[in-house]
Amino acid sequence: MAEHRDHTYKIIELVGSSPDGVDQAIRNAIERAGETLKNLDWFEVREIRGPIQNGEIGWFQVKLGVGFRILDPADLEND
Amino acid sequence: MAEHRDHTYKIIELVGSSPDGVDQAIRNAIERAGETLKNLDWFEVREIRGPIQNGEIGWFQVKLGVGFRILDPADLEND
Amino acid sequence: MAEHRDHTYKIIELVGSSPDGVDQAIRNAIERAGETLKNLDWFEVREIRGPIQNGEIGWFQVKLGVGFRILDPADLEND
Amino acid sequence: MAEHRDHTYKIIELVGSSPDGVDQAIRNAIERAGETLKNLDWFEVREIRGPIQNGEIGWFQVKLGVGFRILDPADLEND
Amino acid sequence: MAEHRDHTYKIIELVGSSPDGVDQAIRNAIERAGETLKNLDWFEVREIRGPIQNGEIGWFQVKLGVGFRILDPADLEND
Amino acid sequence: MAEHRDHTYKIIELVGSSPDGVDQAIRNAIERAGETLKNLDWFEVREIRGPIQNGEIGWFQVKLGVGFRILDPADLEND
Amino acid sequence: MAEHRDHTYKIIELVGSSPDGVDQAIRNAIERAGETLKNLDWFEVREIRGPIQNGEIGWFQVKLGVGFRILDPADLEND
Amino acid sequence: MAEHRDHTYKIIELVGSSPDGVDQAIRNAIERAGETLKNLDWFEVREIRGPIQNGEIGWFQVKLGVGFRILDPADLEND
Amino acid sequence: MAEHRDHTYKIIELVGSSPDGVDQAIRNAIERAGETLKNLDWFEVREIRGPIQNGEIGWFQVKLGVGFRILDPADLEND
Amino acid sequence: MAEHRDHTYKIIELVGSSPDGVDQAIRNAIERAGETLKNLDWFEVREIRGPIQNGEIGWFQVKLGVGFRILDPADLEND
Amino acid sequence: MAEHRDHTYKIIELVGSSPDGVDQAIRNAIERAGETLKNLDWFEVREIRGPIQNGEIGWFQVKLGVGFRILDPADLEND
Amino acid sequence: MAEHRDHTYKIIELVGSSPDGVDQAIRNAIERAGETLKNLDWFEVREIRGPIQNGEIGWFQVKLGVGFRILDPADLEND
């Protein structure tokens, strides 16, 4: 059973932003999450949108689910 | 790059309740979240439902995504 | 108003795993969440998938929303 | 096994209407259902729409699933 | 209030069939429902599928929601 | 035309429950429906969720559509 | 055929806003549309969300489809 | 860049009606749109429904997205 | 176990076309599939769309899932 | 009330194209819309697809909702 | 580039069946697919349904996407 | 009829990967498919996700439907 316990994941929902495009917006969100969470495992895109300012795209905003493995109970409180 | 870092958002999922209706259930959830989180930015409704007791609506329950800006890594752990 | 405050819920998203099947994957995720969170109230299945290794299912992985009642502000930070 | 039998629910789909708004449309549908069905347990909103007459909203119409517990076989025929 | 009561609708889910095509499958379901229910108001298509027999379409099967006005409590039990 | 009439189906929506798992929850709902309805034809799973009590799953609850063939007008009133 | 031509509808997508709640946000959008379009026929809610400012809901924003009958070709250009 | 500009499309949402069936409802909407818009490119079906009158289908109503190429800025205002 | 093996199905995704309408587009896809695949069992409609040429519908295009029973391993390679 | 009136938005649906990728296709659609509409406020991606020619991607085509604020009734007619 | 080529996957859609339950229906489909395809990588559940015979569930039928890595062009033809 | 036969399409589901971004992941999948299939016609994006390794995106993985025209029965077996 102990092993299964290591295969529980938590998914947090983030929105990453970038003026450069969809890929960079995803990277920015992952980079940010990686500063606090050490076991990031995968991402899944849920929405792409963004504000327009003076007729130009201000930011590409990408809503992501980001999953990470929970290694001990304290991890459950981190996100 | 520093600026982009200030444009990462986290979304938490809450269910607000009220016997008075949909609007108040949303307000109650936001009020509650605002006691702990200081940078609340937007909400999005995901589901409306509720229990019926003795033939009357007990609570309107509204499932919400609530987004807030992550200003420093510690914010990522708060929700 | 005080009473309503006790009817705000938070939903976290988990993925439970088990080599034994869908039911056990759900139970494993709930068990894990219950070590840290004391007011678990309901779960809702969002996705069922899993890796295949050497032609056999390695793990059933079930993505869940798990809801719990927020009893005081500190609970909002726990998940 | 007997106990499980008491935990089967049926969901009927109703559309409640009100010129006053979404909340009242939901209440009207529940009130109507409660005249015939005695074990109403929960509702879930599936659609909000309505007719416009002379430039004003005639009715808010809310499509609901309404669940109730089936206590004996005859209940299965009632809705 | 009395008037609002006349604006509660019930939706039943039917599957109509026809070897001739989608339109006729819808008509067949409506015709059938109309034998028992007198206040049919609208239909909405939810799914189109069908069995294939000997390489040919056996039936077009159309899943429909069919809404009707509830005029008195007894109507709620009819469907 | 007579034959087509025998190919109209009605779908009712049930929630079956079991503490044992998803499969048994489905079986319980079908068993219950079968006590009153004689022409059950198929089921389709629409949602899996359930309450958690004291950190353990109380019930697996599975929302189902259950389809049955309408053989004569009286069947339309039964469900 | 002429008659059928009078039964073509166009749907435009609007977002209505109100600090007061969902109902009023819908009414505001319909009122606005009614200043230019004379044959409004129905609305359908597609999304409910809104900005949060200083911990309070700034606006309830409701995305709507609003349908109106096209009576002559010029109407097709109006929305 | 000029060439890309010719590959921007606009999609309008229409509901076509016909007492004859789904196909004719689609054709009626396209015919209507074609009186005003000259560069119609494709359609996509989004919903099929309709009113029932005296137990018979009054109209098949098909909600369509209809796309057309924008050739110069004035086209953007036409729909 | 052998029997269960005969109850594995494969679904391929096809788009059938016809200038005549939705029904014929479905029939054309099934007819085509039936030239190579002998155990076709059912179809399910996933999308209806089509190109418009000179203001008229060029083709009704219906995207289908088409299921067939896999009788021996070689069938798995056929589609 | 006057202020609320300034918070009604209209959303038009566009498809932007580019041989270079998703980001540029979005930019091209926004640029095009900005030639006629002055209050563009946000975009939301609804679909990504494209034609393949000689085994290579001809165009990335991104379907977008583009929202803009309606400042006076004439704006309602522009899109 | 060569390495990327090894990271293209194909997904086939299968329906597995079992009278024993959801888990076994998934296993049966994977086992069947594994007789012909050697690089199976993951599965994702898309639908759970089944026929009812004499008031009992005949088969649990689970529609799956099954993904496998394409190692050389010939693999692309196998499924 | 012969002509219609040339307008049947098959859609296969692929996942393309690239460490460089979404666009390149799509291109890699199309390039791979084009080695075996000669009549590729269009793609449609169905999902964007990917693994994270050491806090960085390992691969952008894009799930695609890829459609191609079936020119003779043998094509139906190729994918």
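Just so it is clear, A, B, C, D, E, F, G, H, I, J, K and L label the chains in written order, and each chain counts residues from 1 on its own.
The rule we apply is simple: a contact is a pair of C-beta atoms (placed from the backbone, for glycine too) under 8 Å apart; a residue touches a chain by one contact, two chains touch by 3 or more.
Just so it is clear, the model here is predicted, and its values are computed rather than measured.
S.K.: Keeping to the contact definition above, tell me which chains border both chain I and chain K.
M.R.: L
S.K.: Counting contact pairs by residue number and requiring over half to coincide, which of A-L, A-J or D-E is equivalent to I-K?
M.R.: Over half of the I-K contact pairs recur in D-E.
S.K.: Could you find the chain whose CA centre sits the greatest distance from that of chain A?
M.R.: E
S.K.: What's the distance between the Cα centroids of chain G and chain H, rounded to whole Å?
M.R.: 19
S.K.: Taking each chain's centre as the mean position of its Cα atoms, how many Å separate chain I from chain J?
M.R.: 34
S.K.: How big is the gap, in whole Å, between where the Cα atoms of chain B centre and where those of chain G centre?
M.R.: Centre-to-centre distance between chain B and chain G: 26 Å.
S.K.: Listing for chain C: what residues touch at least two other chains?
M.R.: Answer for chain C, listing residues that touch two or more other chains: 12-13, 21-23, 77, 79.
S.K.: What chain-chain pairs meet the touch criterion?
M.R.: Pairwise, the chains that meet the contact rule are A-B, A-C, A-J, A-L, B-C, B-D, B-G, C-F, C-K, D-E, D-F, D-G, E-F, E-H, E-I, F-K, G-H, G-J, H-I, H-J, I-K, I-L, J-L, K-L.
S.K.: What does chain A use to touch chain B in their complex?
M.R.: My answer: residues 12-19, 28-29, 32-33, 35-37, 59, 61, 63, 77-79.
S.K.: Tell me, which parts of chain J touch chain L in their complex?
M.R.: 20-23, 47-52, 55-57, 60
S.K.: Please give the residue numbers of chain A that touch chain C in the complex, ascending.
M.R.: 4-5, 7-13, 65, 67, 70, 73, 76-77, 79
S.K.: Residues of chain H touching chain I in their complex?
M.R.: So the residues of chain H in touch with chain I come to 21-23, 26-27, 30-31, 34, 38, 40-45, 66.
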